[in-house]
Amino acid sequence: MENKRILKERALAQYRVHETITRPDPELVRAFQEYPVAAVSDALRKRQTLPFQIKSVHVPARRIVGPAVTVLASAGDELLTLKAFQLAQPGDVVVIAGAWNDQSSVLGGVMSWMAKVRGIAGIVTDGLVRDLEQIIDSELPIHARGVTPLAPSHDVPPGDLNSTVCIGQAVVRPGDLVVADCDGVVVVPSELLGKVRTTVDAIIARDDKWISDLRKTRSIDDILETCAVDALLTGGERVCSLK
Amino acid sequence: MENKRILKERALAQYRVHETITRPDPELVRAFQEYPVAAVSDALRKRQTLPFQIKSVHVPARRIVGPAVTVLASAGDELLTLKAFQLAQPGDVVVIAGAWNDQSSVLGGVMSWMAKVRGIAGIVTDGLVRDLEQIIDSELPIHARGVTPLAPSHDVPPGDLNSTVCIGQAVVRPGDLVVADCDGVVVVPSELLGKVRTTVDAIIARDDKWISDLRKTRSIDDILETCAVDALLTGGERVCSLK
Amino acid sequence: MENKRILKERALAQYRVHETITRPDPELVRAFQEYPVAAVSDALRKRQTLPFQIKSVHVPARRIVGPAVTVLASAGDELLTLKAFQLAQPGDVVVIAGAWNDQSSVLGGVMSWMAKVRGIAGIVTDGLVRDLEQIIDSELPIHARGVTPLAPSHDVPPGDLNSTVCIGQAVVRPGDLVVADCDGVVVVPSELLGKVRTTVDAIIARDDKWISDLRKTRSIDDILETCAVDALLTGGERVCSLK
Amino acid sequence: MENKRILKERALAQYRVHETITRPDPELVRAFQEYPVAAVSDALRKRQTLPFQIKSVHVPARRIVGPAVTVLASAGDELLTLKAFQLAQPGDVVVIAGAWNDQSSVLGGVMSWMAKVRGIAGIVTDGLVRDLEQIIDSELPIHARGVTPLAPSHDVPPGDLNSTVCIGQAVVRPGDLVVADCDGVVVVPSELLGKVRTTVDAIIARDDKWISDLRKTRSIDDILETCAVDALLTGGERVCSLK
Amino acid sequence: MENKRILKERALAQYRVHETITRPDPELVRAFQEYPVAAVSDALRKRQTLPFQIKSVHVPARRIVGPAVTVLASAGDELLTLKAFQLAQPGDVVVIAGAWNDQSSVLGGVMSWMAKVRGIAGIVTDGLVRDLEQIIDSELPIHARGVTPLAPSHDVPPGDLNSTVCIGQAVVRPGDLVVADCDGVVVVPSELLGKVRTTVDAIIARDDKWISDLRKTRSIDDILETCAVDALLTGGERVCSLK
Amino acid sequence: MENKRILKERALAQYRVHETITRPDPELVRAFQEYPVAAVSDALRKRQTLPFQIKSVHVPARRIVGPAVTVLASAGDELLTLKAFQLAQPGDVVVIAGAWNDQSSVLGGVMSWMAKVRGIAGIVTDGLVRDLEQIIDSELPIHARGVTPLAPSHDVPPGDLNSTVCIGQAVVRPGDLVVADCDGVVVVPSELLGKVRTTVDAIIARDDKWISDLRKTRSIDDILETCAVDALLTGGERVCSLK
């Protein structure tokens, strides 16, 4: 029938699956195991940080570090996430984007156990999860927007596996490094891992020194001066004159 | 005066109170005491599940199971909830709908103790509660949208006691069974309790087997095959041609 | 296979369709053709009024009056709405609940023309619509939450046709009377149509007189006195002592 | 009874009414009649600008300029607004804060006509209004958050007349100057009217010149240079080292 | 250049700093150390209570009591908060308003330690904070809207130190008393501290008696009668006839 | 000073500017001039469609078609947008992402005239704009989230010019084709323009035929049959058995 022909001619398939991804050097990944997310976000100058509503479902938060396997899922789809579990290697982080809605979850207890069994390092999603007790029991780290009893719907196209996806302002490409802790989630573009690592080390050293000095000296004067507080507060006008 | 006459002629009273409700067979209610909310939601095929923002105010979450006494309350009203406490029987769950606003709570410490003393099994509301310490001390299970210091306003018509009410997409009738746990809240229409019970037993058995198999075999292949992941991902077009 | 057996045993079908509904007396429906929604909402004492975000997509707003054919649709489903068009009689209003999400619309240009051709009086939905130009061209009155280019997804269970549905706090049963104008939407339970009609007539007469008096006398004193403003502002305490 | 005594001892009355306010020099008020709100917001350096969701209910937007009579109203209260109408002088703007909720409006057609008859220059509220047709008919300028059929509830304490109120980050005191147009609403502290006036005149002259130059020269280079775009984009690091 | 002259003529400085504030009698402040926020909110008749989304970032919640040092900060600014730390006296509470956005925090670990070292009693903000582990380690009480890894941006005018600020409907002036616990936050105008204290004592005594009676007698009849539930539910119409 | 050294070592610059982009074949761009956004969204199978809240600020909506120049801007920044205007060629569409907040706009009247003078085809942003009257006067097409009087803040790092950006789930790369009309906005990846064009032509032909048939035959049976409504509603269970 004519109508069906039209559909078949469409530009894009309902599901697009890229089976292989390029992962960063494991040595570099290891370096990020203990980094605070806030310091990584600083090194990227606040870029690539996920929305603050995406939090660990565990109390206390469980850290996640690993290369991204990305899923662009319509709300309710679980098909691509299942495929992601099959394709993922131990240590990968499955990032499920586009899943935000309040009528379904992206996964629950059985799928959490599947991920655990596959050695997946964690799940990050802008959607909801369910079966919180089974998730906790599985010890699978998950950062998500919340918890619901609602099941996913299984097969809801369209969707892509291992395409570039968006969560908030963060662009997540397969193989980029996901780092998540109690503050939230940041995604490091794989080509920047080396530079970011160096910067994070410097940031941590500096902040540790600030705090250690504060505890020792009980004085905040040094920081106020470094930050030029009074100079900036009384400083002249900004140069721009558009408003 | 004429104006007052007009008011008295209005179709509906400010408050409408139905004093008696029909409760389900206690044996059936008991069967649901340990069911996970997610499995009940599945048996209803995702129908009748409350919005995910409504959560237990206790850490860890306290379960609630019991027949609904329903309150349709204007934001700030506590009058109908007090009346509900009077009419409720031990084991009932008071469901307070329509209460969502950010300028008042639906109840606090004193009313929680009133509910506790009456043997009420729990409270479910789309509004806020207050006096969190007293609520925790009372051990009364409450699922609500959040916590505020703000008091209710006492007497805010209109409102109905034991009418059919809405919370999200869930239709809640007096006597329907409320089930709440750490995942959220579901409401089972009383005439479906028997069928749902049978289905939930089957669902739990199947999911337990999935997880137990996963832990034993460390393989996810069986599930992927059962779910027809590859077949569906590469499957033909949907039949519809409206878009 | 065992898994499929479990699914078949489930309590509820994916789709539940009730083909026939009871419509109110056409004479009563006609009486509501010109009533302002605000006056009907008053007669119901603010009950049964839909959320204010649901607005006419036409400028100026097109009125809708007619008995409800109800659809409880998962986000993206269009199957049940198509079935509703088939079952609806000329003059019916199709109310599509549960459809709110931001990843799909509930209908667009082709379906608007289908509804128009069937003589449907209008559409009310908590979801989005698309093809605004074609909708305007069809002159089909629609109250919805907004406009998007996104298509529906066709076949997204679960869903019910002609069950009781919720939109905000309003309970909508098949055959209840939907009234929509530029202020919003109200749903009158069919058994209250006669009483509401009498009350609305009185309310309109009173408000017209208020406004006509204001324009004539240019004085607001009469209303302030009737409303007992000063008495209430300086009045004694409320009786309740719970807080 | 003891409980009632406790209530009477409370620190604050349910309603607090300040009958008189100090209005700014009418000559200064007149000067603001034609100022764009954006230019006034600039002169205040973005302070005192109301949330962008508060818009004129008229198409096209009707301007409002006048001294504030302030109402701090609980959601649904109309008592204090009625009192405000009584106390207001021609040219005043009634600002109703705290009224935001989705279960009631702050006023409708009859009260709009009351305000019109009293010569009130306009209404600004963070709540909803109703009877849109009657409002349009009355030609009373109103900036509000939206439109609903729902009535106010008349007498909902607590509330204050002519106290300092908050709408978003803007502090509104009785007698401050309200200016509203199609961009939104800004409130000028009365003691700054003279300085703001001078600045606004300069801002308008400058912006008019920018636009007139653009239309004449078809070149954007002058602005880019004035704004130091390239210098700032490639400029050195900020001085602060806290992160 | 002309454009810069215009800027310099503007009515308001980018930053306005008031260095000194008047603090309430320390004896009065001490009296509020143990008061529940809900009881204080009651004594103010629900006025001056902050939005419920602002919660302690500590589990369990840490109480805050002290006079306000107020910051009106643009989203991302940390300059004025640093200045506030310099000007604050031990026991002060720094209230940071206007800071709500999802692209930055108002402070993190280093600044929490600065506040701790200065003896600041706590921070209340409508924005986000970061470095949750360091905050917990510092034991500085903070009520905020949430947690993010994102840094502040340092120098984002405009802003005011120790001006009157708004958080929700609450007007916060420098020197007003901030009280925060697990229910939320309330701000007591300094001139009302004495009256509020007396009222809170009475409220606590009454509520304690209610709960103690409930636990002893296991009867709710006394409260239902005091609250006039049946009388109000069946009572006559309200006097107003505007709708 | 050491602190400054640390900053300079950071991985990423505050601003990153890519001056050149690759634009699609102008012949292909022209082909999209009249396409409805909904049909393009269909050809992409609902991918790459922007959030429905982003609407034309013009009444009626003004269409936008052209290759994207992308700005990733912190809330309040106008520096990168000014630079984008300088680098853009006539016919380009400036897409400003990351700008959503309620404390500033991304541009106003002067910048709209700058864009107009540069021949820019339109602006698409997830932020707010101001000076609505001047924008309307300039006839520059703008799709934005809303209107505010608030100015941008000029220089708010970090930000990128012509990097890949996210708006909702849509990934926007420099040179991708932006298409906007009264339904909303869609972004076509440049490498898919040819395929999408062919598909859109087929979709439009089919939909026009549907509507033309409906108007002629006044029958909806053909569509219902094509869409297999009855078959799908009564069809067997879905294959998956995970829930």
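Points worth noting:
Read from first to last, the chains carry the letters A, B, C, D, E and F; within each, the first residue is number 1.
By our rule, a residue touches a chain if its C-beta (ideal position, glycine included) is under 8 Å from a C-beta of that chain, and two chains touch if they have at least 3 such contacts.
On a predicted model such as this, the values are computed, not experimentally measured, just so you know.
In this entry, C-D is the pair from B-C, C-D or A-F that repeats the interface of C-F, since more than half of their contact pairs coincide by residue number.
The pairing of chain B with chain E is characterised as different-residue: of all residue numbers used at this interface, under half are used by both copies.
Chain E and chain F have Cα centroids separated by 40 Å. Per-chain Cα centroids separate chain A from chain E by 32 Å. Across the assembly, chain E contributes residues 1, 3, 6, 14, 42, 46, 59, 74, 98, 102-103, 108, 110, 151, 153-155, 157, 203, 206, 210, 223, 226-227, 232, 238-243 that each touch 2 or more other chains. On the side of chain F, the complex with chain A involves touching residues 1-3, 6, 9-14, 42-47, 72, 74, 78, 97-98, 108, 110-111, 151-152, 154-155, 157-158, 160, 164-171, 192, 195-196, 198-199, 202-203, 206, 226, 238, 240, 242-243.
Chain E makes touch with chain B in their complex at residues 36-38, 40-42, 46, 49, 51-53, 55, 59, 182-186, 207, 210-211, 214-215, 218-220, 223-224, 227, 229-230, 232-234, 237-239, 241. Remark: chain A residues 74-76, 98, 101-103, 153, 156-157 touch chain C in the complex.
Within the complex, the chain A residues that touch chain B are 1, 3-4, 6-8, 14-15, 17, 59, 79-80, 82-83, 85-86, 102-104, 108-110, 113-114, 116-118, 128, 130-134, 146-151, 153-155, 157.
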